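Some structures to go through are shown next.
Look for chain A in each of the two complexes below; its partner is chain B in the first and chain C in the second.
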Partner chain A sequence: MAFVAAYVVLLVAFGVLPTAYAVYFAFTDAGGKVTGFANFVSTAHDFRFLDAVSHVAVYLLFWLLSLVVFVVALALLLHRLASGSASKALRFLYYIPGALAGAASVLVWLFMLDPTVSPVRSLLGVLGFHTFGEVIAPGNLPLLFTIIAFWTGAGGWIVVMYGALNNIPTDVMEAARIDGAGAWQTAWHVQIPMLRKWIVYMVILAFAGGAQLFVEPQLLSLASVGVAGRDYSLNQLTYDFAFQMNNINGAAAVSVELLVVSVSAAAVFVARSGFFDAE
Partner chain B sequence: MTVNKPSSGRERASSKSRAALLAGCAAAAALTLTACGGGTTGTTTKDGFAQVPQKDGALTVWVDATRMDAVKLYQKLHPEVKLNIVSYDGDANGSNYLQTKVQLFNRTHKGWPDVVFSSQNNEASWAVDAGFAAPLNKGLVDEATLGKFASGANDVCTVNGTVYCLRNDLSQAVLWYNAPLLKKFGYQVPTTWEEYQQLGEKVAKEHPGYLVGDAGDSFTPEIYLWASKCGANHITGPKSVSVNTSSEACTKMAKLMDVLIKNKSMSISGVFSTDFGKNQADKVLLMPGPAWYGGALFEGTFKTPAKQIAAAPIPQWKGETSPSTGNVGGGTWLLSQHSEHIKAATDFLKWVTTDNAYQGKKAPGFPAYAPAAEVWLKGQNSSGYFASDLNALKAASSQVWPGWGSGQFSQEAIWAATVKPALTQGKSVASMLPAWQDSIVKYAKSNGYKVSQ
Partner chain C sequence: MPNKSFAVSVAAPHAEGEPSVMSRTHHRAPERRRPRPLRRVAAQLQTGTVLAVFVVFFVLPVLWLVLAATKTDQQLVHDNPLSFGSFHALKANWDALTSFQDDAVMQWLGNSALYAVISLVITLGVAIPAGYALAMTEFRGRHTLLVATLVVMLMPNATLVVPLFLEINAVHLIGTMWSIILPYSFYPFGVYLTYIYFTTAVPKDLLAAARMDGCSEFRVFWHIALPLATPVIALVGFFSFVANWTNYFLPYVMLPESSQMPIQVGVGTLLSNVPSFNPTVGDLAIQRPQLALATLVAITPVLIVFLFAQRFLVSGMLAGATKE
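Up next is the complex of A and B:
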């Protein structure tokens, strides 16, 4: 009971109240006068808004697809290696990048992507990249951010999926094997359907996180002295509205939009997947 | 952010300053009929702004790593002053850190630094509206001192005739060159842009790999297009700007750059890129660039040996009568309106911008305060690092073309995001001029500027 109370206090202080405060800001002007949707209209008319929306949309597509496909595939592979020592080592390996703080792991990538100092410069050279400027060309950014986010964030999910795979009752797996199902068939017809709720859970959280894309483009923007990544995502735009243009209310409006989109997406996923249905 | 609190500072004698404060307060009250310490806010209008009640205590100073030396020197020379020194990024590359923090402090109503250094020139464009920067020419700093700054140096600090910051250093562009190398190749220092281009074409043929300039930095337009009097950034009022990148002044410089970029005698890497440092730093024959290139770039970053680097006036277009050059940054010092230690803050501000102990002898850049600049030049000329005297810097200090301003939006950020990626992809500067203008206009408008084109 005390534990729940402490949680509720924290949730209210750092979750509910700030959200309510943002909603209040979003519908008022700097003087506190209620302005309806004026902040939403004015921020949507900013010349960077639609670009930022499309950047985030493309990034989300890349990020969620790669997450679902590769995380599930790697977790299945890990599970097939069973409890050997290779599996343990791999599990640890997958998890390491996640243990690095977010900004620090993005910094690692800034070195990786600069052909002058990169340990994989020969690979970058083969791909036709000889300067940092070529690597961070605008068209490459969604892919770069996806790779960085995958490297920093996917490891934890692989370990989670692995745990979920271990929870599939052995008699089910046994039955599949006796029925003559191979690795592919077992994965496709037994394991993945039974992982469905975990995958939905991952997608909901990854969607909310991905929609708030900020650290990757912001650090890249600093590292490239503004060549790439400035005003790239919606969250960067809110930062710009709030602090560069002293428009806290506009910033709040955009963050409320992000909240609405993330919650709606989660609602759709939950409803369509029967996430909360009792087994 | 790191916080240094020198423990050696002693308490200031408080009764004397308090008496002075009370006297000043009474005088101001008599003049302006503002109750001293009365009312709900308890402010006193003095020196052209509403001052909060003054208190004793540590003076909070924010500086970047380079200016840390200045504050430490001040502490050494004035051990009686209690300082709370905070190091931050100095708003380098338009990071807006200071603005972000001031907006937050304005909400929490506390936390402002008393004096702050910024490496940017455009702080006055927001710090006045935000109620942060205190007016300096309304009583805090005397006219005689202000009058000794290089002509136009404090233009970037002036809003409607009121000075809101003091310039730390000037960053007038000159033509840096490698004197022994130029002699070895048998070339002359070009005095016109036409000669400069011809030399670049010659270098490309006779000594491929060597460079006559770089066009890959976010401040590239401030070196070349500003010097060429391109009207891309003419700030005509506190919230109005005129933008025109299609004039001949812009297009002829863009074409010159395109010729040299194409024959590779002008790099597009950017002088601070890892690529340039590794592959091109020892290939610099000529390099138009700001005053601070001498110490910060050649001596500091490239570690070019002594007796090689020299400075000449930046080239002019043939037939031009008045010399003009550009400017890349040059920091500013601001004093907070919210300071509770205005006397101590003003003393420090005056010392750090004008005193020879720092500006004349220790400063890494060309001091904006002319008497200190004289001393600084003498010191540089006798330091033995440069292959020529640096008198070209002095001449250039008053030749910065005034038609390029410092708005709230960062010109460097706009160039970096709009033109630089296109150059990397092989597009020409000339072909990017319309897109550059379009981008400036959009950013200016979204920052609330009235734009004429």
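Up next is the complex of A and C:
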């Protein structure tokens, strides 16, 4: 079919082929000899690998939790606002940092977290942070990356959840009200169950996005001259394997691991959620 | 990266067919007329406080960034963080910034614009017909293609950066703009959006009628489907532009030369030239307010697109809803 031809070419070239490439390199050595799982074993034994896995895992935990809790809570609150225009204005304000996605958001937060220039330096002081070095101590990083990701990403999801809340039929909400359900009970027993599908969708996409953490630790390591954030995430590790250590096969092995995890999550979601049953 | 998830998010209600804001305020009206006991007022106050705290969280950093660009480094440290510096300092920051590596910042901006716009054009040319065909026509492999699109769409693209590098390297395109434009142009989310739009908003009978009248498949698409698709073209264009403009990892790997960097990677370079973050830089240093200004410059195009997009984003969502 002519209409899809160009798309199929791109899908093969930039979806299928790189995946196949990654798999090929992951199971061979530099000379092209098949080595089974040797690359997976050797990268897993790299002293930074387990650290990177745990960094990403802790970050994902924080990030997904904060997203589910705050996005749903804020959408519910906005939905309860009596004034439609106030709710609309707030949604737009929450959504603005989305324009600063990528490197810009990290730069902004480097400033926010530097007690010498931060507008919330007194708050940082109360929390016991007086130098930039103290703020970016290793233990704080998952939380800091969560704040950055939440700052840029939450607004868009709030718009979605709000839309989904609007989708709940009025008679359902009316019935809950007549049955004497308060705001909390309505939220817990009626609204949140009906948002479930959207929450799962958000978690899957945020998981896929979060697992590929790169620009945040990368720029942080630039800003701290390698003190914090270096070789922090799995993607930084693949970059290091490929371009610093000339170990393409090791890099491919880590990429394949990330792909397997995220594609299985995506596949389960597509198959089970009924989300994409448009036909 | 937050980008993709953000992109999906705003468009997603479209798929569900979101009722308009209007209908909501309408059905809430009677509630407002009831007398308010004190507890209700207290609850409203709490709601207001929580919402206001988050306004500060989301807006304060942006506000600070705008003001920081108008200050000297001295003022940045000693003045009130939310005070305005001076236009003089803003001008001085601008001059210092543009003189960095012979106007590198302008070159980076130009690069970003070039990459984002060419990718946008290819993306639209590829994704709109593909989404249309998936939704409105029958052909062999349609279902497979649809499932593949969904899976790839939910797949994190940064994990493919290293394999993409190897692939692009094999065809000797590293260091050319095609090394990022071509991967950017592959945009399954745009295909998905278009697919959803056509299945929900355009009746198949309309196209069938045109075919009966003897229109060729191409004429049906060009003269009937495409004019109806304006909202989704705008939507796909918006997400594609924002996603490409803000991408960091791919150009970081593919285009290491300063003269080819997009602005996102460029501001990373600036960051490593700020003495308070990196004490080892010498005379060619960039001061913090200049870095703030660079960040602001880097996001301005996206911010402008955001402001303009507001209206059609909403109308795009509503277009999906009218069909229900």
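Rule of thumb we're sticking to: the second predicted complex is superposed on the first by the 250 of 279 C-alpha atoms of A that agree within 3 Å, B and C clash if a C-alpha of one lies under 4 Å from a C-alpha of the other, contacts with A are read in each partner's own complex, and residues count from 1 in each chain.
One rule holds in what follows: a residue touches a chain if its C-beta (ideal position, glycine included) is under 8 Å from a C-beta of that chain, and two chains touch if they have at least 3 such contacts.
These numbers were taken from a predicted model, which means no experiment stands behind them.
Student: Figure out whether A:266 sits in contact with chain B (first) or chain C (second), or with both, or with neither.
Tutor: In the superposition, A:266 touches chain C alone.
Student: Check the residue A:228 against both partner chains and state whether it touches chain B (first), chain C (second), both, or neither.
Tutor: Once the two structures are laid over each other on A, A:228 reaches chain B alone.
Student: Between chain B (first) and chain C (second), which does A:201 come into contact with in this model arrangement: first, second, both, or neither?
Tutor: After superposition on chain A, A:201 lies in contact with chain C alone.
Student: Who does A:138 touch here: chain B (first), chain C (second), both, or neither?
Tutor: First partner only.
Student: State whether A:211 touches chain B only (first), chain C only (second), both chains, or neither.
Tutor: Second partner only.
Student: Could you look at A:116 and tell me whether it touches chain B, chain C, both or neither (first, second, both, neither)?
Tutor: both
Student: Which chain, chain B or chain C, ends up touching more residues of chain A in the combined arrangement?
Tutor: C
Student: Give one of first, second, both or neither to describe whether A:8 is in contact with chain B, with chain C, with both, or with none.
Tutor: second
Student: With the two structures laid over each other on chain A, which partner does A:244 touch: chain B (first), chain C (second), both, or neither?
Tutor: The answer is first: A:244 touches chain B but not chain C.
Student: Report, in rising order, the residues of chain A that make contact with chain B in one complex and with chain C in the other.
Tutor: 114, 116-117, 222, 224-225, 242-243, 248
Student: So in the complex, which bits of chain C are touching chain A?
Tutor: Listed in rising order, the residues of chain C that touch chain A are 1-10, 12-13, 15-19, 21, 24-25, 27-28, 31-32, 43-44, 47, 50-51, 54-55, 57-62, 64-65, 68, 76-77, 81-82, 125-127, 129-130, 132-134, 137, 139, 145, 147-152, 154-167, 182-183, 185-186, 188, 191, 195-196, 199-200, 217-218, 221, 242, 246-249, 252-253, 264-265, 267-268, 271-272, 274, 276-280, 288, 291-292, 295, 298-299, 302-303, 306, 310, 317.
Student: Which part of chain A faces chain C closely enough to touch in the complex?
Tutor: Touching chain C from chain A are residues 1-4, 6-8, 10-11, 13-15, 17-19, 21-22, 25, 70, 73-74, 77-78, 80-82, 84, 88, 90, 92-105, 107-112, 114, 116-121, 149, 151-157, 159-160, 163-164, 166-167, 170, 183, 198, 201-202, 204-206, 208-209, 211-212, 214-215, 218-219, 222-225, 235, 238-239, 242-243, 248, 251-252, 255, 258-259, 262-263, 265-267, 269-270, 276, 278-279.
Student: Which residues of chain B touch chain A once you look at their complex with the stated criterion?
Tutor: Within the complex, chain B contacts chain A at residues 93-96, 99-100, 103, 126, 129-130, 216-218, 268-270, 272-275, 278-279, 410, 412-413, 416-417, 420-421, 424-425, 442, 445-448.
Student: Going by the contact rule set out above, which residues of chain A touch chain B in the complex?
Tutor: 46-48, 114-117, 131-134, 136-138, 222, 224-228, 230-231, 242-246, 248
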